[in-house]
Amino acid sequence: MSVTALPRSTTRRTRLPAGSLGIGVATLWLSIIVLLPLAAVVARSFDDGLSGFWDAATSRQALAALRFTLIVSLLAAAINAAMGTLLAWVLVRDRFRGKGLVNALIDLPFALPTIVAGLTLMALYGPTSPFGINIAFTQFAVLLALLFVTMPFVVRAVQPVLIELDREMEQAALSLGASNATVFWKIILPNLVPALLSGAALAFARAVGEFGSVVLISGNIPFDTQVSSVFAFKQIESDNPVGAAVVSTVLLAISLLVLLGIRGLGRWGARHDR
Amino acid sequence: MIVERRWRIGLRTVALAYFLALLLLPVGLVFYRTFEHGVGYVIDSVTTPAAISAFWLTIEVTAIAVPLNAVVGILAAIALARSDFRGKALLNGLLDLPFAISPVVIGLSLVLLYGRTGWLGPWLADNGIRIIFSVPGIVLATIFVSLPFVVREVTPVLREIGDEQEQAAATLGAGAWTTFRRITFPAIRWGLAYGIVLSVARAVGEFGAVSVVSGRVAGETMTLTLLVQQRFENFELAGAYAASALLAVIALLTLVAMTRINPRREEEHET
Amino acid sequence: MILVRGVDKRFGTFQALDDISLEVPDGSLTALLGPSGSGKSTLLRVIAGLEAPDSGTVEIHGSDATNVPPQRRGIGFVFQHYAAFKHMTVRDNVAFGLTVRKRPKQEIRSKVDELLSIVGLAGYQDRYPNQLSGGQRQRMALARALAVEPSVLLLDEPFGALDAKVRAELREWLRNLHERVHVTTVLVTHDQEEAMSVADRIVVMNDGRIEQVGHPRELYDNPANQFVMGFLGPVSRLGERLVRPHDIAVDTAPADGAVQALVTRVVHLGFEVRVELRIDGEESVGVQITRDDAERLDLAPGEIVWVRPPHHERALDVA
């Protein structure tokens, strides 16, 4: 699923009634379903005032969770940026039996419920692993879960760009004496970077908020494998909604920043197009 | 680039090994584990009263959330593709939010709005309406998370095909609804279908947000995904696997639908 | 010199090149001319090393290049759609081949500036390809190809994507450049006018085979077969022979060996005038005469005239 930046507008002021109806309905819907609840979270996080917010946000446990969350999410996004590009490359440029199947299955993490994802990883890499690998309740397990759920992002972001890439640019570079490696690093990759970064940013945003796949396999050990989303969940369970709201507001801010970044990336990426 | 054979094989191996170890093997293992004890056991496991009511609750919630989001999605897509208005970029951005927000945050936001101590809490209590810890809460959470899919799929299609056909219909005397029914809708069919399939997958699979708002009352507010977690926590591993396998099958069916719809959708894009 | 021997190339069931053998002399500007699907682009790419032939050899300047990758053949290649590195500036585009060869920065800089002034893009160093017109992008592509001082310059329908006026300008400009720089150049085109005006040698191709090789004039005046004749210029059929419309003599008075004809249409196209005739009730025959002749003869539809075909050397028997 890609987040698109709007192209320069070529539409006219709406004449069709559906247009205005659409605007009205969409705005209303979004407000009720999305904006109002989110506003409640942000507002309630300040129930104890600014200092209360600050204290909750910077408590040792909250900070530890946030730090771990950000690092492991960044790592997952980075690894999947590389592996995703590789997978996209193989899916676009290579030919082998079963390629169609692999291509379809790439979307599995999108389609599979996160709790099932967590369970499947536990099955293979947890205490009941048939290969004897038990990494459950470790930080690595969290990384693994995040790698799973964010795998499709970069693949699907890079694939269309690779498909559209002007092969003649590569051939021109070859004719000018460039080695294959040079062609990849200097011609192909620079053209993939905007899509790659967009996909990685989305992967990062998803990873930061990921809950279902992490909740089982991480063991939620405070100061060790606890991520912010699970921390917030525990706060809700311990009847501390304000504390949860504070963490949520921080996560929300991160999400918004990433989304803005992706929009900017979209514009930056299109700067050389014509 | 003319890649040498051994490089190509090497890259392919690394990519497929990653894919295998991360995706294929775990999922395959779950299916294996599920049917390890025989198909009969599995069937028993997914037909317990708890499982059946969880299944139907999931279906019910999905059946409410997805059509609503589809209708709003189509209207929003028309607005985005066919008109210019102040705040268009903002609307567009807001539509991306459900993709980027943690499900726990989503659940909490609903609790803080509709819950006992939420903004609307007192008013709802006065009127005897229960949202949190009840099905409506689950529906709202599901609507939130599956909101953007249809609008994101239909908008580019509408943009690509342009509104000339609709204008032609208008000159021939067709009203708004007729134009939509006979001109616009057939043109967006496959993009819409794709968006709906994605929404369904998301709705069925939602866990985090539902976890927060549900209260997990068996038979009432327990969805299939919550059932998986409960069984796991009760050490009913086989039962958890069985429910997971059911969800995985639904996910695979989703993928099949996506694969089938994709080529048609791409054709639609190119008209 | 480029020597191609016995080259075959198949794409699936489509035979793109069928036993092609060709010699391209040093310093010449040779055009590969033919319709779509004739194999001309494929042949060019085989010479470049961008396609590998199924059989046969390619020799460039005396050494066997058949298994040499395109990076090392010492060629310059220009594509129809420019293949500009859109993420790099004009300067970086043109410098690319030199950067790859790790030349010193100063040398690269001055060479790029020199080339850009040769191609008329001085001052455009810091622009991006998407800020240039089609013609400018193609000139940049040429500068880029020339920067590495190739021994062979290959151009694949380089002006095909440009509009008529720019095309004509660039054609002339290419010819002048060739006079200055004298690199062995092979140009692929489907436009016979382009081939005739730019090249010193033309290789006419059809269906994966070479039909004829020679100087433009030779091909025009002495085509080896019907295809070449028809491709290089207008053809009229007189009985069992094919002749050039402007080689047919028209007069209002009978003459030796002349045949009677009925004027059906007269079209004035500025300098030339086309007269359509019917001979013996047969299909239309087109004749081309100058404006002066047209004025002198004062033809109108319905008149009877006398036409004399050219000598045998200027005619081709219908196969």
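In this document, chain identifiers A, B and C correspond to the written order of the chains, with residue numbering beginning at 1 in each.
Throughout what follows, contacts are C-beta pairs under 8 Å (C-beta built on N, C-alpha and C of every residue); 3 or more make two chains touch, one makes a residue touch a chain.
Just so it is clear, the structure is predicted and the values come from calculations on it, not from any experiment.
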Per-chain CA centroid nearest to the all-protein CA mean: A
Reference subunit C; chain at largest CA-centroid distance: B
Among all chain pairs, the one with the most C-beta contacts: A-B
Separation of subunit A from subunit C, taking each centre as the mean of its C-alpha atoms, in whole Å: 53
Distance from the mean Cα position of subunit C to that of subunit B, given in whole angstrom: 58
Inter-centroid spacing, subunit B versus subunit A (mean Cα positions, whole Å): 16
Per-residue multi-chain contacts in subunit C, two or more chains: 69
Residues of subunit B touching at least two other chains: 2
Two or more partner chains touched - positions in subunit A: 174
In the complex, subunit C residues that touch subunit A: 48, 50, 69-72, 75-77, 79, 81, 83-87, 96-97, 100-101, 128-130, 141, 144-145, 147-148, 154
Subunit B - residues contacting subunit A, complex: 1-4, 7-8, 11-12, 14-16, 18-19, 22-27, 29-30, 33, 72, 75-85, 88-89, 91-113, 115, 117-119, 140, 143-144, 147, 149, 151-152, 156, 163, 166, 176, 180, 198, 201, 204-208, 211-212, 224-225, 228-229, 232, 237, 240-241, 244, 247-248, 251-252, 254-256, 258-259
Subunit B-facing residues of subunit A, complex: 1, 3-4, 6, 9, 11-14, 16-23, 25-27, 29-30, 33-38, 40-41, 44, 83, 86-87, 89-90, 93-94, 96, 102, 104-116, 119-121, 123-125, 128, 130, 144, 147-148, 151, 170, 174, 180, 183-184, 188, 202, 205-206, 208-212, 215-216, 228-230, 232-233, 236, 241, 244-245, 248, 251-252, 255-256, 258-260, 263
Subunit C-facing residues of subunit A, complex: 166, 168-169, 171-179, 182, 186-187, 190-191, 272-274
